[in-house]
Amino acid sequence: MPVHTTSLELATRGNSEITDITQEVAEELANSPIQTGLLTVFVPGSTGGVITLECEPGLVRDLEEAFERWAPSSKTYHHDRAWADGNGHSHVRASLVGPSLSVPFKDRCMTLGTWQQLAFVDFDTRPRKRVLILQLVGE
Amino acid sequence: MPVHTTSLELATRGNSEITDITQEVAEELANSPIQTGLLTVFVPGSTGGVITLECEPGLVRDLEEAFERWAPSSKTYHHDRAWADGNGHSHVRASLVGPSLSVPFKDRCMTLGTWQQLAFVDFDTRPRKRVLILQLVGE
Amino acid sequence: MPVHTTSLELATRGNSEITDITQEVAEELANSPIQTGLLTVFVPGSTGGVITLECEPGLVRDLEEAFERWAPSSKTYHHDRAWADGNGHSHVRASLVGPSLSVPFKDRCMTLGTWQQLAFVDFDTRPRKRVLILQLVGE
(Lines give C-alpha, C1' and ligand atoms only; values in the text may rest on other atoms or scores of the structure.)
Protein backbone atom coordinates (compact mmCIF):
# COMPACT_ATOMS: atom_id res chain seq x y z
CA MET A 1 0.00 0.00 0.00
CA PRO A 2 1.90 3.06 -1.23
CA VAL A 3 0.04 5.99 0.41
CA HIS A 4 -1.20 6.33 3.99
CA THR A 5 -2.83 9.55 5.21
CA THR A 6 -3.74 10.28 8.81
CA SER A 7 -4.04 13.37 10.99
CA LEU A 8 -2.73 14.67 14.28
CA GLU A 9 -4.80 16.76 16.69
CA LEU A 10 -3.18 19.42 18.87
CA ALA A 11 -4.45 21.94 21.41
CA THR A 12 -2.21 25.01 21.05
CA ARG A 13 -1.87 28.36 22.80
CA GLY A 14 -0.65 30.44 19.86
CA ASN A 15 1.69 33.46 19.89
CA SER A 16 4.44 31.46 18.14
CA GLU A 17 4.20 28.60 20.63
CA ILE A 18 6.43 25.71 19.50
CA THR A 19 4.96 22.23 20.10
CA ASP A 20 7.23 19.19 19.81
CA ILE A 21 5.31 16.61 17.74
CA THR A 22 8.17 14.12 17.24
CA GLN A 23 6.77 11.47 19.57
CA GLU A 24 3.23 11.59 18.15
CA VAL A 25 4.51 11.40 14.57
CA ALA A 26 6.91 8.55 15.45
CA GLU A 27 4.01 6.58 16.96
CA GLU A 28 1.85 7.03 13.85
CA LEU A 29 4.80 5.88 11.76
CA ALA A 30 5.47 2.83 13.95
CA ASN A 31 1.88 1.65 13.37
CA SER A 32 1.71 2.44 9.66
CA PRO A 33 1.41 -0.11 6.83
CA ILE A 34 4.33 1.57 5.00
CA GLN A 35 7.87 0.64 6.00
CA THR A 36 10.11 2.94 3.95
CA GLY A 37 9.45 6.23 2.19
CA LEU A 38 8.73 9.92 2.64
CA LEU A 39 6.66 11.39 5.49
CA THR A 40 5.06 14.81 5.07
CA VAL A 41 3.57 16.93 7.84
CA PHE A 42 1.25 19.58 6.42
CA VAL A 43 -0.60 22.43 8.16
CA PRO A 44 -4.02 23.10 6.57
CA GLY A 45 -4.18 26.77 7.54
CA SER A 46 -2.39 30.05 7.01
CA THR A 47 -1.17 30.87 10.54
CA GLY A 48 0.91 27.77 11.38
CA GLY A 49 4.22 26.26 10.29
CA VAL A 50 6.37 23.14 10.65
CA ILE A 51 10.07 23.24 11.54
CA THR A 52 12.82 21.05 12.95
CA LEU A 53 14.94 22.26 15.87
CA GLU A 54 16.87 21.10 18.91
CA CYS A 55 13.82 21.43 21.12
CA GLU A 56 15.26 22.82 24.38
CA PRO A 57 13.83 25.84 26.25
CA GLY A 58 16.70 28.21 25.37
CA LEU A 59 16.41 27.70 21.62
CA VAL A 60 12.62 27.86 21.80
CA ARG A 61 12.97 31.37 23.26
CA ASP A 62 15.59 32.30 20.65
CA LEU A 63 13.23 31.28 17.84
CA GLU A 64 10.31 33.19 19.37
CA GLU A 65 12.56 36.28 19.47
CA ALA A 66 13.69 35.69 15.88
CA PHE A 67 10.06 35.49 14.68
CA GLU A 68 9.42 38.76 16.51
CA ARG A 69 12.37 40.41 14.69
CA TRP A 70 11.32 39.08 11.27
CA ALA A 71 7.67 40.15 11.57
CA PRO A 72 7.11 42.30 14.69
CA SER A 73 3.73 41.89 16.41
CA SER A 74 3.79 45.64 17.22
CA LYS A 75 3.85 46.67 13.54
CA THR A 76 0.69 47.74 11.71
CA TYR A 77 -0.27 45.26 8.98
CA HIS A 78 -2.50 45.86 5.95
CA HIS A 79 -4.15 42.50 6.70
CA ASP A 80 -5.35 43.82 10.06
CA ARG A 81 -6.81 46.98 8.55
CA ALA A 82 -9.08 44.83 6.38
CA TRP A 83 -9.93 42.06 8.85
CA ALA A 84 -9.27 43.55 12.29
CA ASP A 85 -8.30 40.18 13.73
CA GLY A 86 -4.87 41.49 14.78
CA ASN A 87 -2.91 38.54 13.43
CA GLY A 88 -1.16 40.08 10.40
CA HIS A 89 2.23 39.17 11.87
CA SER A 90 1.01 35.55 12.34
CA HIS A 91 0.24 35.25 8.63
CA VAL A 92 3.56 36.77 7.54
CA ARG A 93 5.54 34.45 9.83
CA ALA A 94 3.57 31.40 8.67
CA SER A 95 4.14 32.16 4.98
CA LEU A 96 7.87 32.56 5.67
CA VAL A 97 8.31 29.37 7.69
CA GLY A 98 6.08 27.25 5.43
CA PRO A 99 3.24 24.78 6.03
CA SER A 100 4.99 21.63 4.86
CA LEU A 101 7.97 19.51 5.90
CA SER A 102 9.05 16.18 4.40
CA VAL A 103 11.24 13.66 6.23
CA PRO A 104 12.53 10.37 4.78
CA PHE A 105 11.97 7.23 6.90
CA LYS A 106 13.40 3.71 6.90
CA ASP A 107 12.05 0.68 8.81
CA ARG A 108 9.29 2.94 10.17
CA CYS A 109 11.84 5.37 11.74
CA MET A 110 12.38 8.98 10.65
CA THR A 111 15.95 9.85 9.65
CA LEU A 112 16.11 12.72 12.17
CA GLY A 113 19.37 13.62 13.92
CA THR A 114 19.85 12.85 17.60
CA TRP A 115 19.17 16.42 18.71
CA GLN A 116 16.63 17.23 16.03
CA GLN A 117 12.92 17.35 16.78
CA LEU A 118 9.89 17.97 14.57
CA ALA A 119 7.67 20.81 15.80
CA PHE A 120 4.50 22.70 14.96
CA VAL A 121 4.56 26.47 15.42
CA ASP A 122 1.22 28.15 16.07
CA PHE A 123 1.63 31.78 14.98
CA ASP A 124 -2.00 32.73 15.63
CA THR A 125 -2.84 35.02 18.55
CA ARG A 126 -5.22 32.75 20.46
CA PRO A 127 -5.57 29.13 21.65
CA ARG A 128 -6.75 26.79 18.88
CA LYS A 129 -7.54 23.17 18.13
CA ARG A 130 -5.28 22.22 15.22
CA VAL A 131 -5.48 19.23 12.91
CA LEU A 132 -2.25 18.49 11.01
CA ILE A 133 -2.13 16.20 7.98
CA LEU A 134 0.39 13.36 8.15
CA GLN A 135 1.05 11.54 4.91
CA LEU A 136 3.35 8.61 4.14
CA VAL A 137 4.30 7.72 0.56
CA GLY A 138 6.45 4.64 0.04
CA GLU A 139 6.41 0.86 0.14
CA MET B 1 0.25 4.84 -12.16
CA PRO B 2 2.38 6.21 -9.31
CA VAL B 3 4.02 9.34 -10.80
CA HIS B 4 2.47 12.06 -12.96
CA THR B 5 4.47 15.13 -14.00
CA THR B 6 3.03 18.18 -15.74
CA SER B 7 3.80 21.89 -15.89
CA LEU B 8 2.05 25.18 -15.36
CA GLU B 9 2.73 28.29 -17.46
CA LEU B 10 2.46 31.77 -15.97
CA ALA B 11 3.02 35.29 -17.25
CA THR B 12 4.38 37.30 -14.30
CA ARG B 13 5.36 40.90 -13.66
CA GLY B 14 8.12 40.33 -11.09
CA ASN B 15 9.17 42.57 -8.18
CA SER B 16 7.86 40.02 -5.66
CA GLU B 17 4.49 39.76 -7.36
CA ILE B 18 2.41 37.02 -5.71
CA THR B 19 0.29 34.94 -8.15
CA ASP B 20 -2.44 32.68 -6.75
CA ILE B 21 -2.07 29.31 -8.54
CA THR B 22 -4.54 27.31 -6.40
CA GLN B 23 -7.21 27.04 -9.09
CA GLU B 24 -4.82 25.99 -11.87
CA VAL B 25 -3.18 23.36 -9.66
CA ALA B 26 -6.57 22.07 -8.46
CA GLU B 27 -7.68 21.63 -12.08
CA GLU B 28 -4.55 19.68 -12.99
CA LEU B 29 -5.15 17.48 -9.94
CA ALA B 30 -8.83 16.92 -10.79
CA ASN B 31 -7.81 15.54 -14.19
CA SER B 32 -4.87 13.44 -13.02
CA PRO B 33 -4.65 9.64 -13.09
CA ILE B 34 -3.53 9.64 -9.41
CA GLN B 35 -6.19 9.83 -6.72
CA THR B 36 -4.25 10.09 -3.44
CA GLY B 37 -0.70 11.13 -2.66
CA LEU B 38 1.75 14.02 -2.53
CA LEU B 39 1.72 17.00 -4.91
CA THR B 40 4.91 19.05 -5.37
CA VAL B 41 5.14 22.45 -7.03
CA PHE B 42 8.72 23.22 -8.05
CA VAL B 43 10.23 26.40 -9.53
CA PRO B 44 13.03 25.60 -12.01
CA GLY B 45 14.93 28.87 -11.52
CA SER B 46 16.72 30.87 -8.87
CA THR B 47 14.53 34.00 -8.61
CA GLY B 48 11.13 32.48 -7.77
CA GLY B 49 9.50 30.78 -4.79
CA VAL B 50 6.35 28.92 -3.73
CA ILE B 51 4.36 29.77 -0.58
CA THR B 52 0.93 29.33 0.94
CA LEU B 53 -0.98 32.33 2.29
CA GLU B 54 -4.44 33.74 2.85
CA CYS B 55 -4.40 35.45 -0.54
CA GLU B 56 -6.13 38.79 0.14
CA PRO B 57 -4.75 42.18 -0.97
CA GLY B 58 -3.75 43.33 2.54
CA LEU B 59 -1.60 40.30 3.29
CA VAL B 60 -0.10 40.39 -0.19
CA ARG B 61 1.17 43.93 0.57
CA ASP B 62 2.39 42.80 4.02
CA LEU B 63 4.43 40.02 2.44
CA GLU B 64 5.89 42.33 -0.19
CA GLU B 65 6.98 44.67 2.63
CA ALA B 66 8.41 41.74 4.61
CA PHE B 67 10.49 40.60 1.60
CA GLU B 68 11.74 44.19 1.31
CA ARG B 69 12.83 44.18 4.99
CA TRP B 70 14.54 40.78 4.72
CA ALA B 71 16.51 41.60 1.56
CA PRO B 72 16.16 45.30 0.66
CA SER B 73 16.13 46.09 -3.06
CA SER B 74 18.08 49.31 -2.30
CA LYS B 75 21.09 47.45 -0.87
CA THR B 76 24.21 46.78 -2.93
CA TYR B 77 24.68 43.07 -3.62
CA HIS B 78 27.87 41.25 -4.57
CA HIS B 79 25.85 39.34 -7.17
CA ASP B 80 25.07 42.62 -8.96
CA ARG B 81 28.71 43.70 -9.03
CA ALA B 82 29.56 40.56 -10.98
CA TRP B 83 26.50 40.31 -13.26
CA ALA B 84 25.05 43.82 -13.30
CA ASP B 85 21.51 42.52 -13.72
CA GLY B 86 20.35 44.33 -10.56
CA ASN B 87 18.47 41.36 -9.11
CA GLY B 88 20.70 40.38 -6.18
CA HIS B 89 17.81 40.90 -3.77
CA SER B 90 15.62 38.66 -5.96
CA HIS B 91 18.08 35.78 -5.61
CA VAL B 92 18.46 36.21 -1.84
CA ARG B 93 14.68 36.27 -1.31
CA ALA B 94 14.17 33.23 -3.55
CA SER B 95 16.79 31.18 -1.70
CA LEU B 96 15.15 32.09 1.62
CA VAL B 97 11.57 31.29 0.57
CA GLY B 98 12.50 28.12 -1.33
CA PRO B 99 11.61 26.70 -4.77
CA SER B 100 9.58 23.70 -3.61
CA LEU B 101 6.33 23.05 -1.75
CA SER B 102 4.65 19.69 -1.16
CA VAL B 103 0.94 19.31 -0.36
CA PRO B 104 -0.83 16.00 0.43
CA PHE B 105 -4.03 15.28 -1.55
CA LYS B 106 -6.93 12.86 -1.14
CA ASP B 107 -9.61 12.00 -3.74
CA ARG B 108 -7.89 14.48 -6.10
CA CYS B 109 -8.28 17.40 -3.62
CA MET B 110 -5.41 19.18 -1.88
CA THR B 111 -5.63 19.22 1.93
CA LEU B 112 -5.40 23.04 2.03
CA GLY B 113 -7.20 25.03 4.73
CA THR B 114 -10.26 27.13 3.86
CA TRP B 115 -8.33 30.40 3.81
CA GLN B 116 -5.06 28.98 2.50
CA GLN B 117 -3.99 29.46 -1.11
CA LEU B 118 -0.98 28.21 -3.04
CA ALA B 119 1.02 30.97 -4.72
CA PHE B 120 4.07 31.59 -6.88
CA VAL B 121 6.25 34.58 -5.99
CA ASP B 122 8.28 36.10 -8.82
CA PHE B 123 11.20 37.89 -7.17
CA ASP B 124 12.85 38.87 -10.44
CA THR B 125 12.85 42.52 -11.53
CA ARG B 126 11.07 42.19 -14.88
CA PRO B 127 8.07 40.47 -16.50
CA ARG B 128 8.76 36.84 -17.32
CA LYS B 129 7.17 33.72 -18.74
CA ARG B 130 7.47 31.08 -16.04
CA VAL B 131 7.04 27.32 -16.29
CA LEU B 132 6.47 25.58 -12.94
CA ILE B 133 6.83 21.82 -12.50
CA LEU B 134 3.84 20.03 -10.96
CA GLN B 135 4.43 16.49 -9.84
CA LEU B 136 2.07 13.96 -8.26
CA VAL B 137 3.38 10.83 -6.50
CA GLY B 138 0.81 8.38 -5.16
CA GLU B 139 -1.72 5.77 -6.18
CA MET C 1 11.13 -0.42 -7.01
CA PRO C 2 9.40 2.66 -5.64
CA VAL C 3 11.78 3.89 -2.86
CA HIS C 4 15.56 4.23 -2.95
CA THR C 5 17.46 5.73 0.01
CA THR C 6 21.15 6.58 0.00
CA SER C 7 23.38 9.11 1.71
CA LEU C 8 25.93 11.75 0.79
CA GLU C 9 29.05 12.47 2.86
CA LEU C 10 30.51 15.98 3.04
CA ALA C 11 33.44 17.56 4.87
CA THR C 12 32.33 21.12 5.72
CA ARG C 13 33.94 24.14 7.36
CA GLY C 14 30.83 25.67 8.96
CA ASN C 15 30.04 29.36 9.60
CA SER C 16 27.27 29.29 6.96
CA GLU C 17 29.53 27.78 4.33
CA ILE C 18 27.50 26.93 1.21
CA THR C 19 28.50 23.66 -0.52
CA ASP C 20 27.21 22.95 -4.02
CA ILE C 21 25.98 19.33 -4.00
CA THR C 22 24.28 19.34 -7.43
CA GLN C 23 26.87 17.15 -9.12
CA GLU C 24 26.98 14.52 -6.35
CA VAL C 25 23.19 14.31 -6.21
CA ALA C 26 22.93 14.12 -10.02
CA GLU C 27 25.38 11.20 -10.03
CA GLU C 28 23.42 9.29 -7.39
CA LEU C 29 20.27 9.89 -9.43
CA ALA C 30 21.90 8.76 -12.70
CA ASN C 31 22.74 5.41 -11.08
CA SER C 32 19.44 4.88 -9.28
CA PRO C 33 16.87 2.15 -10.03
CA ILE C 34 14.10 4.80 -10.14
CA GLN C 35 13.58 6.75 -13.34
CA THR C 36 10.90 9.32 -12.52
CA GLY C 37 9.67 10.75 -9.22
CA LEU C 38 10.52 12.98 -6.28
CA LEU C 39 14.01 13.39 -4.82
CA THR C 40 14.39 14.62 -1.23
CA VAL C 41 17.62 15.84 0.36
CA PHE C 42 17.33 15.80 4.16
CA VAL C 43 19.78 17.05 6.81
CA PRO C 44 19.70 14.84 9.93
CA GLY C 45 20.81 17.55 12.37
CA SER C 46 19.73 20.93 13.71
CA THR C 47 22.51 23.22 12.43
CA GLY C 48 22.33 22.64 8.66
CA GLY C 49 19.96 23.45 5.82
CA VAL C 50 19.32 22.79 2.13
CA ILE C 51 18.67 25.54 -0.42
CA THR C 52 18.79 26.17 -4.15
CA LEU C 53 20.66 29.18 -5.54
CA GLU C 54 22.64 30.45 -8.50
CA CYS C 55 25.88 29.22 -7.01
CA GLU C 56 28.34 31.99 -7.94
CA PRO C 57 30.75 33.66 -5.48
CA GLY C 58 28.88 37.00 -5.32
CA LEU C 59 25.55 35.49 -4.36
CA VAL C 60 27.24 33.14 -1.90
CA ARG C 61 28.57 36.22 -0.08
CA ASP C 62 25.15 37.93 -0.29
CA LEU C 63 23.49 34.92 1.35
CA GLU C 64 26.12 34.73 4.09
CA GLU C 65 25.44 38.41 4.83
CA ALA C 66 21.67 37.82 4.80
CA PHE C 67 22.02 34.97 7.31
CA GLU C 68 24.08 37.33 9.49
CA ARG C 69 21.31 39.97 9.34
CA TRP C 70 18.53 37.47 10.13
CA ALA C 71 20.30 35.86 13.11
CA PRO C 72 23.46 37.81 14.00
CA SER C 73 26.37 35.74 15.34
CA SER C 74 27.24 38.61 17.71
CA LYS C 75 23.90 38.44 19.55
CA THR C 76 23.51 36.63 22.87
CA TYR C 77 21.30 33.53 22.55
CA HIS C 78 19.42 31.71 25.31
CA HIS C 79 20.63 28.45 23.75
CA ASP C 80 24.24 29.46 24.44
CA ARG C 81 23.56 30.31 28.08
CA ALA C 82 22.39 26.75 28.63
CA TRP C 83 24.87 24.85 26.48
CA ALA C 84 27.82 27.23 26.06
CA ASP C 85 28.62 25.86 22.60
CA GLY C 86 28.29 29.32 21.03
CA ASN C 87 26.14 28.20 18.10
CA GLY C 88 22.73 29.66 19.00
CA HIS C 89 22.70 31.63 15.76
CA SER C 90 23.48 28.43 13.83
CA HIS C 91 20.38 26.74 15.24
CA VAL C 92 18.11 29.73 14.54
CA ARG C 93 19.33 30.01 10.94
CA ALA C 94 18.93 26.25 10.36
CA SER C 95 15.34 26.22 11.67
CA LEU C 96 14.52 29.15 9.39
CA VAL C 97 16.07 27.70 6.23
CA GLY C 98 14.80 24.16 6.83
CA PRO C 99 16.40 20.69 6.69
CA SER C 100 14.50 19.32 3.71
CA LEU C 101 14.19 20.06 0.00
CA SER C 102 12.25 18.05 -2.59
CA VAL C 103 12.96 18.21 -6.33
CA PRO C 104 10.98 16.37 -9.05
CA PHE C 105 13.03 14.34 -11.54
CA LYS C 106 12.33 12.82 -14.97
CA ASP C 107 14.48 10.27 -16.83
CA ARG C 108 16.92 10.40 -13.90
CA CYS C 109 17.44 14.18 -14.27
CA MET C 110 16.37 16.79 -11.73
CA THR C 111 14.07 19.52 -13.07
CA LEU C 112 16.44 22.28 -11.91
CA GLY C 113 16.76 25.53 -13.88
CA THR C 114 19.91 26.28 -15.88
CA TRP C 115 21.35 28.63 -13.24
CA GLN C 116 19.94 26.82 -10.21
CA GLN C 117 22.11 24.64 -8.01
CA LEU C 118 21.31 22.50 -4.98
CA ALA C 119 23.42 23.32 -1.92
CA PHE C 120 24.00 22.35 1.69
CA VAL C 121 24.55 25.18 4.18
CA ASP C 122 26.52 24.31 7.30
CA PHE C 123 25.49 26.86 9.93
CA ASP C 124 27.57 25.29 12.72
CA THR C 125 30.67 27.09 13.99
CA ARG C 126 33.30 24.41 13.30
CA PRO C 127 34.38 21.95 10.59
CA ARG C 128 32.22 18.82 10.54
CA LYS C 129 31.70 15.54 8.71
CA ARG C 130 28.10 15.62 7.48
CA VAL C 131 25.95 12.78 6.19
CA LEU C 132 22.89 13.91 4.20
CA ILE C 133 19.97 11.59 3.42
CA LEU C 134 19.02 11.30 -0.24
CA GLN C 135 15.72 9.61 -0.96
CA LEU C 136 13.98 8.87 -4.25
CA VAL C 137 10.29 7.98 -4.40
CA GLY C 138 8.83 7.09 -7.79
CA GLU C 139 8.76 4.45 -10.46
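Chains here go by letter, A, B and C, matching the order in which they are written, and residues are numbered from 1 within each.
Rule of thumb we're sticking to: a residue touches a chain if its C-beta (ideal position, glycine included) is under 8 Å from a C-beta of that chain, and two chains touch if they have at least 3 such contacts.
Here is each chain with its UniProt name: A, B, C = Secondary thiamine-phosphate synthase enzyme.
Computed from a prediction, not measured in an experiment: that's the story for all the values here.
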Joint neighbours of subunit C and subunit A, given as chain labels: B
Self-contact between copies subunit B and subunit C, residue sets same or different by half: different
Rotation in the CA alignment of subunit A with subunit B, degrees, nearest 5: 120
Computed distance of Cα centres, subunit C from subunit B, in Å: 20
Where subunit C touches two or more other chains, by residue: 2, 38, 70, 96, 98, 102, 137
Residues of subunit C touching subunit A in the complex: 1-3, 5, 38, 40, 42-46, 70-71, 77-83, 88, 91-92, 94-96, 98-100, 102, 133, 135, 137
In the complex, subunit B residues that touch subunit A: 2, 36-38, 51-54, 56-59, 61-63, 66, 69-70, 96-98, 101-104, 106, 111-113, 115-116, 137-139
